[in-house]
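Below: a set of structures, written as structure tokens.
You will see chain A twice below: alongside chain B first, and alongside chain C after that.
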Partner chain A sequence: MRPFQILIDGFAISALYALGATGFTLIFGVSGVLNLSHGAIMVAAAVAAWAAASVLHMDTYSGALVGVVVALLMAFATYFAVVKPIQNSRRIPNEEKEIFVLTGTLLWGIMIQELIAYFFTNNAKTVLPIVEGVVEILGVRTPRNEIFTAIVCCLVIGLLWLLVNRTRTGKAVLAASMNPRGVTLLGLELTQIYVVVWGIYGILAGIAGVLLGMFLGVSSYSVGPLTASAFSIVVLGGLGSVSGSLIAAFVVGYLETLTAYLVSPAYRTIPALLLLVFVMYIRPQGLLGRR
Partner chain B sequence: MRKTSPLRSFALQQFVGVAALGLVATAGPASAADAIKIGVIAEAQAIAGASIPQAAQLAADEINAKGGVDGRKIEIVSYDNHSSSADSVRAFQRAVNEDKVNVVIASYISEVVLALEPWASRLKTPFVTPGAASNEISKSVHADYEKNKYTFHGYLTSAALALSICDAAKDLLVDQKHMKTAVIMSEDAAWTKPLDVGYEECLPKIGLKVVDHIRFSPDTTDFTPIFNKIEGAKPDVIITGISHVGVQPTVQWKNQQVPIPMFGISSQATNETFGKDTNDAAEGVLYQGVSGPNVAVTPKSVPFADDFRKKYGNYPSYAGYTAYDEVYYIADAVKRAGSTDADKLVAALEKTDWEGTIGRVQFYGKDDPFTHSIKYGKGLITGLMLQWQSGKQVSVWPKDVAKSELKFPSFIKASTN
Partner chain C sequence: MAGFFTSRLFFISLACVVFAATLPFYVSGYILGLLTVAFYFGVFAMAWDLLFGFAGEVNFGPTFLIGVGAYTAGILNNQFGWSVYLCIVLGALASVVAGFVLALPALRVRGPYFGLTTLVAVLMLQNFIVVFADLTGGEIGLTIPDVITIDAGANYWIALGFMTVSAAILYGLSQSPVGLVLQASGQDPVQAGALGFNIVKHKLAAFIVSAFFSGLSGALLVFYFGTASVGTVVDVAVGVNVIVSAVLGGRRTVLGAALGAIFLIVAGEFLRPTGELATFIVSAVALLVVLFFPGGFLGAALQREARS
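On to the complex of A and B.
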């Protein structure tokens, strides 16, 4: 049974990683921003969904929706209150702006984390799953929620692909990631594209956060590890490459699951990090990086 | 001119400071110096720790309402340590050096308490922990009594906790449910090392064969592989030793419908808020407590739990009961010592014989291996076993305080036994 168990569990966690990392890499690809408040936004979404259901007694669907909306608002807040002022500032030299954005989003993430700990304690919260119960798949007792998580992740990623490749807005986003200057020459407003991208990012991070809250649970302590895992997946896949991130998410997800089952749950994250170091040595641009 | 101004303002500050100190000194004897100050350093943002400052304040308010200790009020000065040893040490230094507390009550985390113990010795300040369990806390007092005598262990040692679990498991699991095998599942932390040694020793003696032993990192978020491994060993019961984690393993246990009951130490489950944090996945979880809601361990237990709930909205965690008792027996010791002098207070605390909410509190002496830890045993403190049933914490052991039989959710196979 064990190989099937690893196959099923690994798929769910990988799909979740993929969803979390996609938005993160999209923003970097389009606007060159590494958003280190990523983990905080995911946790905020999950905690908001928990609070809506447990404190305000909403049903699970409305709770989940509240979580996604909170993430969307926070993504916009991150862009308008932290990233944009730094990018527009005349006092910060252009070559230092990336560092300022990194520091700014990192501090912003810590602020969100501390606020969550202050108002909701630093204990883990779990969002009530939308579907409960278990089913047997290939002899493995699998929570329906795990299947639901995997399906939603794949669906959302699929929708994102359609959006980017099949719609006008999506094509503008894609174009902006390839050549920002060219896009402005075509008469498109770059700022508007950024707003769209941050909006997409907020929804993706929100869904990922709420699903993570249902699947494993989150606490304010999860902020750092979540940002770190998205960061390493994105670096492994190649910064800015969405398909690279998807592949990397599955590599990391399965590597972690294999380690947890075959070696020990205590060493879960180590092989993936070693792989990251190794890839940095032989292929610094990541698996599908463009540089 | 500009260069001299910071110096000048510094001198001015010094002057103002000295003047202010003088004022405080003259105003002192009438009010501030009279209060007995207790510093409370705790994990205000964690489920198990949140009850500590709340319960201490409740006890202080009650004592003060009755006129204090020989006319002296009790003042609680609390500090949030964010579950960090470094923050706790800073808080301890500040409490003693700046806020001039007479006694410190601190933390439910063994690593934190072990970090504070040398500071209690250096700053010669009596220090009681309401919730840490590591054997090392009281062993250090035994090993170097003169130096470490300022530390008191106001909660059971891990060794005593293991005994308490085994006593309960014998009656509930072996005799009632005819269970034969167990897997130990504990988080990797200072307090579980001696706990696991205790489990390994006493479980086979009561007739539960230990078929596997899993220690996992407290950072673990995905417990699927752990439960999977446990199920593979086919035990009748999972014996837990968890405190830093609680919500996540419990929720995943329910979501994955792991058909094996959990029984043991689960610190977070002792707080009533645990039900909401887990969306009631706690249903059926068995946990050890020193007291609990509606359990009359002593005549003081139920009124305290009810008053606490009235004031703060939830029943306290285990460390709430112990912290409440601690404020009382510290006040009692101050009264008997007739002073807040550290050495006199230590001598008085050693003679503590206090009926609190958790039982009768006495400390082991200088010659016992666990010096200054509270005594475990019949007529003193034995601990209880409680179970989450229909969203409530219900006592199931020992018999004289049990309110219900064991009940398990439908996915647990043991319920058919």
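On to the complex of A and C.
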């Protein structure tokens, strides 16, 4: 019975990690930006969904929608107010833009986190799940919400795959991640592609945030750990490689669940960190990364 | 280097230090305590700037070096009751070992990859402290039986003296030929290596110096506080403050990092009446500086001087 429990719980956590990390890696792959306000945007989405349902008394579906829209707006704000000015700045030397984007998005994330704490307190908030109840799978009592989370995550990732590989816009995004200069030579506006990518990112982070709020609950304290886990999953999988992130998300998710069940929940994050250090030493570019 | 002793920067710094040294005669113990912490933070930021501004290594884990130094000193004092000074020296040495460990991946991986390794180092240290709570005091913090002195003025002078000496050494190092080689290897390691400089040796040296000062400052700080906790010397948020200080004051200036740290701590305290919004305002100001004055305080000032 226990192996099945680990299998099921691990799958839901991993799928959620995968969804959270996909948008993060997409932005890095296309524009070379590591967005350290990622955790803040996810938490903002969850808190917005919570506030819409609990304060404004909307139904759960509209609440979830509000959360995703808030994340989308936040993502655009991050791009237009922080990332774009730094990328276009003439006073910052090109080789230092990376650290400025990191510092800028980090500060931006702290600002969002503090505003959330100010208006909605530091208390943990659990978004009302869209589906309630419990079912038995293979003798394991599983909340329906957990299954719902896993299904939505897989569905959204599948849609993303279709978007990137089967549509014109998606192909432009893919091309931009391979060779930005080549794309501009073909007459596509790089800035427009960036806006599209940040839009996709906002929706992905929003869905991941709302689901996380339903599944585990969030507080403004989860901002840092969320960013760190997305960052480590993405590096483990190889920066910019979406399929690498998916594999890495499942490796990390299952490793954490295994440790939590078999050893102790207190040691939950340690094996994943050790694995990360190990991979950095023997294969610095990550599982599926290219240098 | 010789020109520095006649430059305007030298006289301004000297005047600032002399003025700061007289403060205990007419300001309250509260302000002295605030500045004492700010000065130790200044050393953290300067040590970080040596690694980032000169060696070009994005170190997200300054608190790994600080925390190892602080906790080693604290645990030795707590467990064995050794003298404060011995503990501080051993803390700084432990930090040098930590710096060596941190430098190993830096020689293999670059940019965001190295940044992540340092971040992981901090998270591991944090987990380690919580897991070995018997030894480290865990999440509650470690009580340290001895303090250097309880006199606010003396503590302040120790901090000021320590920061001044560290600043002199770190600034001198950054302006020396070693600093130039570091800067070159940070910007283009291949070319610097082709010119015949031993990059590995220089980078290791930068890590060791940075670690030594971080650890020393961390150890002094815990003996000032009388306690060591994750929230004060290890947490990622503390590291973020160190990085923000250095960028705010002006990267690649060393002295600017100390200015940024003092500004950050003092501004945070002045904004305390605004309650939870204090951190928001400080972050917003820092973001505006990053966006509009990327050179930081000192960078902007030096640029104006160079132009006139």
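Going forward, the second predicted complex is superposed on the first by the 291 of 291 C-alpha atoms of A that agree within 3 Å, B and C clash if a C-alpha of one lies under 4 Å from a C-alpha of the other, contacts with A are read in each partner's own complex, and residues count from 1 in each chain.
The definition used in the following text is that contacts are C-beta pairs under 8 Å (C-beta built on N, C-alpha and C of every residue); 3 or more make two chains touch, one makes a residue touch a chain.
Model, not experiment: these values are computed from the prediction.
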item: Superposition on chain A - do chain B and chain C clash or fit; value: fit
item: First, second, both or neither for A:V277, with chain B first and chain C second; value: second
item: Contacts of A:L102 with chain B and chain C, given as first, second, both or neither; value: second
item: First, second, both or neither for A:T126, with chain B first and chain C second; value: first
item: Which of chain B and chain C A:N145 touches, first, second, both or neither; value: first
item: Touching partner for A:I92 - first (chain B), second (chain C), both, neither; value: second
item: Chain B versus chain C as contact partner of A:A266, first or second or both or neither; value: both
item: Which superposed partner A:L185 touches (first chain B, second chain C, both, neither); value: neither
item: Smallest distance from any CA atom of chain C to any CA atom of chain B, in Å, after fitting; value: 5
item: Intersection of the chain A residues that touch chain B with those that touch chain C; value: 117-118, 266
item: Residues of chain B touching chain A in the complex; value: 45-47, 50, 82-83, 188, 215-217, 219-226, 228-229, 245-248, 251-252, 255-257, 268, 276-279, 281
item: List of chain A residues in touch with chain C within their complex; value: 34, 82, 85-86, 89, 91-92, 95-96, 98-100, 102-104, 106-108, 110-111, 114-115, 117-118, 224, 228, 231-232, 235, 239, 266-267, 269-270, 273-274, 276-277, 280-281, 284-285
item: Chain C to chain A touching residues, read off their complex; value: 52, 58, 105, 108-109, 111-113, 115-117, 119-120, 123-124, 127, 130-131, 187, 236-237, 240, 243-244, 247, 251, 275-277, 279-280, 283-284, 286-287, 290-291, 294-295
item: Residues on chain A engaged by chain B in the complex (per definition of touch); value: 5, 9, 13, 53-54, 117-118, 121-129, 132-134, 141, 143, 145, 216-219, 221-222, 225, 257, 260-261, 265-266, 268
